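There are two complexes below, and they share subunit A, which is joined by subunit B in the first and by subunit C in the second.
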Partner chain A sequence: MVLELQKPRPVWQIMFSTHHTDVGYLYLVFGITFLFMGGVLAMIIRTHLFFPGQGVLISDSATFNRIFTVHGLTMLFLFALPVANGIGNILVPIMVRYKDMAYPKLNAIAFWMNPVGAALLWLGFSDTTWVSYAPYSVIRAPGPAADMFIFGMKILGISSILSSINFVVTVIKCKHPDMPLRRVPLFAWSMLTVSLMTIVAMPTYAAALIMMLTDRLGISGFFNPWAGGDPIAYLHLFWFTFHPEVYIFLLPAIGMMYEIIPRFSRKPLYSQASGVFAFVMLGIVGFASWGHHMYSTGMDFTTKVVFMIGTLAAVPASGMHVFNFLATMWGGRIRFSAPMKFSVGGIALFFSAGAGGVLNSAMPLDFITHGTYWVVGHMHLFLIGTIGFGFVGMIYYMFPYITGRMYSEKLASAHFVLMFWGTVQTFFTQHILGLMGMPRRVYDYPTSFTSWTILNQISTVGAWLIGASFVIFLASLIYFSAKGKPANMDDPWGIGGKYYYPVAAKNPHGGHSGY
Partner chain B sequence: MKTLIAISIIVLVAIALVPQIAHAQLAQQTAPEKYLDLRATVWNEFFRMTTAAFTVGAVVSGTMIWLVWRFRESNPKNKAPTRWEHLDDPAAGDPEEGH
Partner chain C sequence: MGHDTAEWVFVAVVIAILVYVGADSWYTEKLVEDVPADATVIKVTGQQWYWSFEHPNGTKEISTLHLKVNHAYKFEIYSRDVMHSFNIPDWVVFEDAVPGHVNHAWFAPNQVGTYPIQCREYCGLLHYNMRGTLVVEPDSKT
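Entry: the complex of A and B
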């Protein structure tokens, strides 16, 4: 918004624009806004659990359920997906050397479905948990909150499918004829992979939502045991969509690291081909592992073994990404500016979270950790440790591009240290809490369980550190976008080469055409 | 380097899969009434897997820490520009070299 801040134009012009950079900005502003709203809910939850038996901040368990439900929904569907789509919107057409997304109007429509879905989720404030398992969500969950949740998710799902179709067509059909698909930059490859996964996975959940709605209305009984339905069927439909969705959140962050690491290592990527192969592999094996969320539902032994092996099949592909990053850094001359710090931190935590996932995928161990805080720690270590770090690094990377100004490297370093320390302290501790038997999603726990109290307090202090780091982030974004030093748009970090993507964006409203 | 990566991936897969297959075979042979023994087996499995995960984790994390220390631009051994830095865009590499 080099444009917006230096050559202001009416807000409505951006809001109703169909240009890919404008839609990308809208996605980014939307996603970052909800990151902070969801973050406030997380702080409330963790602060509440710091004081067992006192009902601090949250007075009853029903409200607690609503808060962690909306926290989860917000972080996954109103922060992670929109930010990935925002950065994808800005960069993918430029990377494939096309003037815009394939269907610009559809692109804008897909974005504007997000505020509608967000309003339904936040105004409803459902208590179903983000997974909304049957039979509770069908039989007992109070309306209209649960119904608003269903419609909100439906709208967000349709938005995801529309934007995915747009990315697939943009990359495959609109790329420059001189650019073979294997040469398309890996971030664009990551968006292509997750878009294909979304198109395959999301309709199943869309169907499950309709079945849930008709069950709630009493028209059908798909998941209602009193009407002869099977709640386990909902789990299958849900996890068939949402295990791949884990990769849909993850792969764009990996793609962002592929953008950042070679540039700050001042050398080419070690292997484009292995990156492409690993993305495709993860895209396929992501569909072979949904059953590992359901080991304890009474599956037969053979099925469990199949899902266990399917889950472990993700390990080699994930390892290929990690080795590719390490081999790229090897022999480079690395400048540890903020984007690189967050990328390297993200790789380290990706590896830690992955190791926990390997343990978790083994069915005998899964029975011990199922439904405990181990799962909370594992999931958050992935979501914050890898996805959060990748996204934040990329936002710092794009800061000069979007604002024309530089952020403060010192404040960004403080953000990194606090966020890294806080992530390790909060979520490693939650793994231990899980092994000690603390169930997830509990409103309170006995004060006589001293070890639980201590570990919860350690975890909460870590969460406060993460919260403090994001206060620094927000202050930096606001202050330096207006008052920061003008960036050298050819080479903002002084690492040589070209910070070349901005040059190629041509916004007819005047935006980036100045560069 | 490519050979090293290939070997590492094979080792990683073996470390991850072998205990699983061994346990699956063991579980099939175990009579259901030996509940307590099975529980001990589960915890043994947990500690074995943890050892494997921490070993691999230590190797990869150690490599990463060494990489960060050795190839940072402020390292005195790393003052000379890389051979790609004379290019317009080092990250894009030299097409003639195949990058």
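Entry: the complex of A and C
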């Protein structure tokens, strides 16, 4: 698989391939493309909010609502999931020492559903917000955008169920017989955990989408109070899927850090068992906390307490991951190459996001923070701070492996510094904005609130820094995959070792077999 | 083995912090949800895209709510169309307005002044502008 770009193949050969590395590339290219498309929307949103009351860039709130909806959908379902699946596709079969994914054709089908779903989401450009709460999405959201959103999400949901089945079977049934499940590398464990979670969680949302569609068509009234339904039912169905989905987005990034940190600390992993335990634990307790998104919907006291306990129960397992990383780095001869920088930065932001999460789960504090910019800052610290940093680190880590060339460490450092600084400035500031009461999803805010204006402007400048860092990233990816120096495949970072997986995997469709 | 002990100690410290957070918020929430028996009931109705209020004597107000200082008020929160969220950030009054449900929140302002009221749950086109004003007036009787 290495040196793909030095021995180019016609692109249709990759597109029609069912080999796991080829499908992995397709996922990666797809995911990174949508990272930039969603990023452009984010830049438009933040730049617009720099100038309150002036309608800069976006002149009406309908467009603004559509943009933040599609930004959210893109980053979650067209960037985070595909990139995790892409890296999973490339690495999981190699880690469990199997020739391919268990069902190669299913794998390709699962990928090719993504562009269809993406087209529906982007052409529809719905304004329902990514959560699309009933009854707004049922009685008020304009069609056909909302209907295209429903079908797009439906297709993406089926795609993620198919690829999850594939990962579960690959890891459990196709791993090498000499390899007990507990010795399977932790990244493959993270993919196994999130795949099992997807299979349990996703059908609920699939059902909710069908119910929403029939409600919109007027032939049922599940979520429509004027037809005897209850909007709260939609919230339960939605969050039963999407609170576990938070861990589905998060755990692959943690798994990637498990790949990177021991190698760049030049020490064995502190504890495989503790990592496996923490993954399984999160996979289970992730299902016990969905109600914390609904404290303010009129939930009674006992239910709130139960969901608060369920939410807090996820914290020790997350803490075990952090401990595992720190204990691995402790006393190691750490080399801060780009993958390690991004991993360590990601752990720091993971910790701060988690601390904010504990505050959110405490009922009285949730009534201050819920639905404000605090939540925007909080979940972006997870999504950019942890998942984004983990993924970017892993992409730098895989870069020589995939292209056979080396990226520029200096530019990668610049990317890291700008992105870390930008993330802290943007999203820590948004926490403070939330405490001041600024609601999320607002097109505009009163200019008379000067402290809101100042904090929004600080936050926007941070977002521009993140944007600049990703311009560097994009330029690096394009330039160095074509013109970079050939990487020393025996030791790409001078850490005294090569990739422990074979540099040349058997790809029957590739023109170069290492074997 | 010493390292294992370190991990157990770490996990135990985390759990201890969580137990404290959980217990303290259980206690605080219990206090917060205890509505005084003499609270005046104000009906709050959210609809796209403004708030309307109804006092017990039948007086209705739109967007601006006048209340007396040092009285307890209990809000009955309704919605006419989609989900909204009734929010007075300065007094941490926050509860969703869900069509088909009646939700409650209460507070007892102890400072005269004007405070913003806003919607904190996305409700469509003019969600950002679904704002109102709370005017807490001095009590003329005292």
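By definition in this document, the second predicted complex is superposed on the first by the 505 of 515 C-alpha atoms of A that agree within 3 Å, B and C clash if a C-alpha of one lies under 4 Å from a C-alpha of the other, contacts with A are read in each partner's own complex, and residues count from 1 in each chain.
Heads up, the rule we're going with is that a contact is a pair of C-beta atoms (placed from the backbone, for glycine too) under 8 Å apart; a residue touches a chain by one contact, two chains touch by 3 or more.
All values reported here derive from a predicted model rather than from experimental measurement.
Colleague: Mind checking the superposed model to see whether subunit B and subunit C fit together on subunit A or clash?
Modeller: clash
Colleague: Is A:Leu411 touching the first partner subunit B, the second partner subunit C, both, or neither of them?
Modeller: After superposition on chain A, A:Leu411 lies in contact with neither partner.
Colleague: Tell me the contact category for A:Gly497 with respect to subunit B and subunit C: first, second, both or neither.
Modeller: Touch partner of A:Gly497: subunit B, not subunit C.
Colleague: After lining up the shared chain so the two structures overlap, which partner does A:Leu162 touch, if you call subunit B first and subunit C second: first, second, both or neither?
Modeller: neither
Colleague: Tell me which partner A:Ile210 touches in the superposition: subunit B (first), subunit C (second), both or neither.
Modeller: In the superposition, A:Ile210 contacts neither subunit B nor subunit C.
Colleague: For A:Pro262, select first, second, both or neither according to whether it touches subunit B, subunit C, the two together, or no partner.
Modeller: A:Pro262 contacts subunit B only, not subunit C.
Colleague: Output check: A:Phe336 vs subunit B and subunit C. Expected answer is one of first, second, both, neither. What do you get?
Modeller: A:Phe336 contacts subunit B only, not subunit C.
Colleague: Based on the superposed arrangement, let me know which partner A:Ala348 touches: subunit B (first), subunit C (second), both, or neither?
Modeller: first
Colleague: Using the touch definition from the top, say if A:Ala327 reaches subunit B (first), subunit C (second), both or neither.
Modeller: both
Colleague: In the superposed view, which residues of subunit A touch subunit B and also subunit C?
Modeller: Common to the two interfaces on subunit A: residues 270, 301, 305, 308-309, 312, 315-316, 319-320, 323, 327, 358, 362, 364-365, 367-368.
Colleague: Along subunit C, where are the residues that touch subunit A in the complex?
Modeller: Listed in rising order, the residues of subunit C that touch subunit A are 3, 6-7, 10-11, 14-15, 17-18, 21-22, 24-26, 28-30, 32-33, 48, 81-83, 85, 87, 89-90, 92, 94-96, 98-104, 116, 118-129, 131.
Colleague: Write out the stretch or stretches of subunit A touching subunit C in their complex.
Modeller: Residue positions touching the partner: 61-62, 65, 127, 129, 133-136, 139-141, 225-226, 229-232, 270-271, 274, 296-298, 301, 304-305, 308-309, 312, 315-316, 319-320, 323, 327, 358, 361-365, 367-368, 370-372, 436-437, 439-446.
Colleague: Can you check the complex and tell me which residues of subunit B touch subunit A?
Modeller: Contact set of subunit B toward subunit A: 1, 5, 8-9, 12-13, 16-17, 19-20, 23-24, 27-28, 41-43, 45-46, 49-50, 53-54, 56-57, 60-61, 63-64, 67-68, 71-73, 78, 80-82, 84-85, 87-94, 99.
Colleague: What part of subunit A is in contact with subunit B in the complex they form?
Modeller: 262-263, 265-270, 301, 305, 308-309, 312, 315-316, 319-320, 322-323, 326-327, 329-336, 344, 347-348, 351-352, 355-356, 358-359, 362, 364-365, 367-368, 496-498, 500
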